[in-house]
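What follows is a pair of complexes built around chain A, which joins chain B in one and chain C in the other.
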Partner chain A sequence: MTSTQQAAPAPAAAPGPAPRTRRSRTRSSLGRLVLSRLRDAVIVQFLVVVTIFVIGFYVGDPVTAFAPPDATEEQLAQLRHSLGLDQPFWVQFARYLENLIQLDVGTSVWQQRPAMDAVWEVIGNTVLLAVLGAIAAAIFGVVGGVLAGTRPGSLTDRVINLIAVVSLSVASFWIGLLLIIIFAVRLDLVPTSGLYEWRSLILPVATLGFIHGGRICQVTRSVVLDEMSKPYVLVARSRGLPWRRLVARHILRNVAATVLTTAGWEFARMFGGSIYPIEVVFAWPGLGPLMTTAAHRHDFAIVEAAVLITGALVILVNLVVDVASHLLDRRLRPQ
Partner chain B sequence: MTSPRLLEVDNLTVCFSTSRGEVYGTDDVSFSLDHGETLGVVGESGSGKSVTATSLIGVHPPLTRVRTTGSAKLEGRDLLTMSEQELRAVRGAEIGYVFQDPLTALNPSLTVGHHLVETMLVHTDMNRSAARRRAAELLDLVGIPNSAGALDSYPDQFSGGMRQRVLVALAISCRPKLLIADEATTALDPTVQSQILALLRSLCRELSMAMIMITHDFGVIAATCDRVQVMYAGRIVERGPVADVLAHPGHPYTAGLLRLAPRFELNHHHRLHPIPGRAPTVIRPQPGCRFAPRCELADDRCEREVPPLSADAAHTHACWRSSAELAAFTEDRTAE
Partner chain C sequence: MDHHRSGRLSCLLATGTLLFATAACGGSTASGGGQGPAGRTSGDLVVAVATEPSTLDPQLVNDRSSRIVTDNVFETLLVRDGSAQIQPKLADSYERVDDTTWRFVLHPGVTFHDGSPLDADAVVFSIERIIDPEFDTQRTSYTEGIAGAKKVDDRTVDILTDGKNPVLPAEMTSIPMVSPASAQQQSFGHEVVVGTGPYTFKSWQRGREIQLERHDGYWAEKPSIPAFTVRVVPDAQTALSALQAGEVDLVFDLFPEQSALAPQVKEVQASDFSYVAFNTYKKELSDPRVRRAMNLAVDKESLAKTIYQGHASPNQAQHLAKGMLGFSPGLAPFPYDPEQAKRLLAEAGYPDGFDLELHVPIGRYSKGEESADFVAAALDAVGVHTKVVKHDWNDYRTLGRVKGTEQDAFDLKYGWNSNEWFDAARIKSHITCEGASSKFCNKSVDQLVDAGANTFDQADRQRDYEQMWATLHDDPYSIYLLQQHYIFGTSKRLVWDPRPDDAYFVSTMKLTS
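Let's look at the complex of A and B:
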């Protein structure tokens, strides 16, 4: 009853059924969660930056790629000096950080402009594809997982399991090509590739959804099955709750956080590599084609910019998933 | 028989298909219950008490395969042949069910109010705010303090006894005609147990509800019930008014159970008399009395023929021995 303002954090196991205190506790613990996750996110992002720098520092010599092939050793040394590449590690790292704060990771040799600009130009397309793909994967996974998990051992269950296993085992670009052949070439329902109209989204999104839905489906099935054997489900049935309501209001609520975490993880896995070949297959003007070409041309600046930004994106998604799970499931809240 | 009785169970047999064969949960069980009457069902674990009750509402644990024969009529309508949809309208609305373990019976993610309101929304045409008002009244009725605030609390904010009160409130929320309390007080400590028993008893009287009280504790039966039936290995072995059965048990098994109850007498040096052996799992029906292997009064006939349970008498038992023989034996035992 006594909702003192100072004592808001750390209310150890308050037994009193007082809605007001409960709500204020939620808000403060949510604030603490966001702050601690933000701190972790900054640390992780810093580690990403360090890793990228160390790799760039030790791998390859940009000057040899940069200078004319007949340059003498003296000219090379002079070039290194003018670019500051003869400075010690820490000096170079400090300068790197200084530039990074201004979002400058260097100039693309290939495109002759800041690498960040080249990445910014296309990243929107990739994010759009990834978000839609993750949504498609979540729909496939949750619908399949719930259908299978609520009917263990049935034909539906076995068929869905088979589909999930196929989704986990086949190569993403192969599925992409298959879909192009069937729906674009044979049936002529959608464009084969590129980004010209909304219908060009259908095939790449379907491919991504299929590739990433399998694991979500398996996880959902398993947690739904687990949830169904809990006594409260039996009790809810003995009260005459319709099966649909029981699944929608009780079971789904309790598995939501787990499923969301899996979906967030699949989203991260897209940026870990699976989305790029799909973009290439569908000639999607995103990070995939840009990064592949940049890598072929030894254009390290663009690859670096892309890795930095996608890293930040994955960290951000993790943060959002953490906070959302916290809001979805009260059992995850501290105390 | 002008108006049908509240509940009439005839020849109910529940069979579970398992990898080791068919297991009989109950075997040819018949009993009936009038409006407002309380019936106690006693027996060891696995004697078929709970199976009898869960088959009435057609809810079995997931992943079990069940075959049910016989009939169970609630005011003339057979529960066993009802469709799932019809049965769903009976569950919670006409038959309230309170389970054993109050700690896991509520969804930890939903408030107590949500549980109550949703049950009433499903079974009545109340709107949300009316259901909420009624939910607060129900919590008052089962003795939960600060009922308005309790509606917005989560199950883990209550103690076990309080949660069992919530479950009772849930079971009676739609004014059922029959309340089944399935080991409803077993998981609670004795002081809380007697509070819940008193609550159930007074609710039955106030709402003129009938109750089936399932327990393994004769003390619970004595405190709450009008009649009692004793089950052993899926069959009813004795039935009668509580006082009668307690004073003059007619079946050796009942007598054994009663001897088991520890008495609180000083300087008595009372010896506990466990019944030798274990209750059987009934995989294949055998001839004769199921209790015969553990019975100290059994003879050849007990192993060959099933003793009948007479349907008419108020106090009846399924045993070939006469009450006098049993009484003499019991006296011997107690004198030891």
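Let's look at the complex of A and C:
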């Protein structure tokens, strides 16, 4: 056992200085990394805020929505003045930021309450679905990718590839509807929609996992294939290391960072848009139905709150993935 | 150790492929629990709606998904029966005192769910509340011409009108009475939930469902269904699946092509009439011959048969159906006659046709966009080159109000005319010279509309409106398309007859086991 471990040195296990110094240096370089990524995150979030504000500033005149249809030009001007909408751009922007710091993006005209409240109420459901969906996608992707990558050209490889291509090509809501018809209507195993019990999770999570697992699967397959061609694998196999241990202990460990980055990207992509139609199809009480209804009802405040929060979520996920992949793969650490 | 790991690996393999994973999980619970999925096999009714109500204040909103709640919690002075005839409800009787005063005598002993009495004060409060312009109700079609209300004694109320208002009883079928105590407490609209109806509000989980239960102290006959849930299911296909799986009992607005798949389909000829209105101020459309030609160019039968799969019927060139006041039985739908249409166009000086735009809202009317495409193709075939322009509902509404004489006015506008009054007077805003949505002006039509609105003699009104429709046949303000049907999907266990007036009384429904 010890001999095989020595025979297959992972790149990570490079001999270094004394543990104590190494750890302290690691910590400071990791600290620097986190700080620089946090700085980037703040900049990106600020750009999101600016974009939303600029769109809100130039697109549409909220006064025409509030005012009665037969309001005169003077009445409109008066309303604009009372709402501060006649102030210059920078003054309005400063006021907007001031409110935003208190997490106040205004009142929802549809729900007649602070828009943030409406978003907070449902965001937990969306995050729950996304986390479980990402786990399902990672399982599907990693298992499929390893199976295919370690057996290039085999029937298993070709079948898994086909499934991955299908998962990347078909519309997410269509898969969702198909699963509903098969498993909820025909086989009567799970509820069709809603969130009423734990089984309600199965179909939406499966749909998300299927849609997002395809890319993880393809990436995993290609990095596993790449890794398989490396000399240490040949050496390890020639030394008689059991196949499963080689895969589990060495190959998987070395591809983990790449796979994690892809999975993290897929997770972020869910908040970027793919989860919402799935929520709508499954009548899932999350951000998707909330945002579509808000958009239909011209409720800018809720859409704005949701975009701000999901923007922050995407940035946060990227940050976590960055840091995690650096922890997993020391080659990526800044020197 | 190896064995252990391989066990885990194969377990991952088993769950890896998603379809298998789903089957495995579902299978194990079905055999283990022995119970059906959520919402099934209960004694309560479950209704699926596509959009969540924005508020439960019955005086504010009027859309179908809020009416299924408010129709059952709140009541009105009068009500329509299954055949749309006006009957007493909270008022035992009513009479017209003079030209501008109607007197209603209230049913004794009715109380709101909060225990306060339904007396003259509550009625006056409710009427004054809904007609307040600041209140901004969506039920404006029911408040038209109402000036106020006055208490006579505890059980008697006078409702005052601006001038003569022959449709006041029809309006009283859709003005819900709210408890003054509860309405004055409200901080947000949706908290007004105290009425006199057979069901009381229980809970509202935003984005999920609204629950209601039978009110034990209800003043009239108690309904048979003890409780019901209104569930939000935004996707139409998912709603149909939920119906097929037995999770819900009633789905609104089934697509025609879905109706074959529903366990049971209920259908009713609605008081909704689809049309394509002309901008008669546009040069080419100012000639009645052109507008008659365009009526002849569209095959209404085929539209009903193909796009609506028979779940709609051509209307008799008027926005009324048999049984409604002002219906003219003598008028026939324009026949489908493209040759005659071409001749009329040539006669009017357009042998080579001309170009038009037809505007239609997205997702507002069942098969609205498809119908607009159908009409455009039919007009193309006789030489009127028609381009369909689609708008979101708010833009469509704003742009649709642009006066006919102005630059951006719609040439042609597809829409449905809902006749909530079951009375020809309802069409006024579409056809009078000054009407809010009108791009049409014919003095003799205006005179007939005025005559019908200014008499209480129903026979006179019938005669005036029949004449009005005859005039609108020779000088059409629109292409008359279809009388639309409401299509509902229901579970096998639901016994219910849908109503033409878009009211949803759970008390008239029954569930067989």
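Just so it is clear, the second predicted complex is superposed on the first by the 318 of 335 C-alpha atoms of A that agree within 3 Å, B and C clash if a C-alpha of one lies under 4 Å from a C-alpha of the other, contacts with A are read in each partner's own complex, and residues count from 1 in each chain.
The rule we apply is simple: a contact is a pair of C-beta atoms (placed from the backbone, for glycine too) under 8 Å apart; a residue touches a chain by one contact, two chains touch by 3 or more.
As the structure is a prediction and not an experimental result, all values here were calculated from the model.
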Under the stated touch criterion, which partner chain does A:P242 make contact with: chain B (first), chain C (second), both, or neither? both
Is A:I180 touching anything from chain B or chain C once the two structures are fitted on A? First, second, both or neither. second
Margin query: Just checking: does A:L290 make contact with chain B only, chain C only, both, or neither of them? Give me first, second, both or neither.
Written below: second
- Query: Should A:P152 be classified as contacting the first partner (chain B), the second (chain C), both, or neither?
  - Reply: first
- Task: Could you tell me if A:Q111 is touching chain B, chain C, both of them or neither one (first, second, both, neither)?
- Result: second
Chain A contact check, chain B vs chain C, more residues touched by chain C
For this session: Using the touch definition from the top, say if A:W265 reaches chain B (first), chain C (second), both or neither.
Result: neither
Q) In the superposed arrangement, does A:P191 touch chain B (first), chain C (second), both or neither? A) second
Does chain B (first) or chain C (second) touch A:F300, or do both, or does neither? neither
Note to self: Let me test your reading of the model: by the given contact rule, A:A136 touches which partner, first (chain B), second (chain C), both or neither?
What the structure shows: second
On chain A, the footprints of chain B and chain C overlap at residues 242, 245
In their shared complex, chain B is touched by residues of chain A numbered 14-19, 22, 152, 228-242, 245, 249-250, 253-254, 329-331
Residue positions on chain B within touch of chain A in the complex are 57, 59, 61-63, 88-93, 97, 99, 101, 104-110, 118-119, 122-123, 146, 149-150, 152-154, 157-158, 167, 170-171
Within their complex, chain A touches chain C through residues 68-69, 110-113, 118, 121-122, 136, 139-140, 143-144, 147, 163, 173, 177, 179-181, 183-185, 187-197, 199-200, 202-203, 206, 209-210, 213, 242, 244-245, 248, 280-283, 285-286, 289-290, 292-293, 296-298
Residue set of chain C touching chain A in the complex reads 2, 5-6, 9, 12-13, 15-19, 21-23, 25-27, 29-30, 36-39, 51-52, 54-55, 133, 188-190, 205-209, 231-235, 237-238, 241-242, 244-245, 247, 393-394, 401
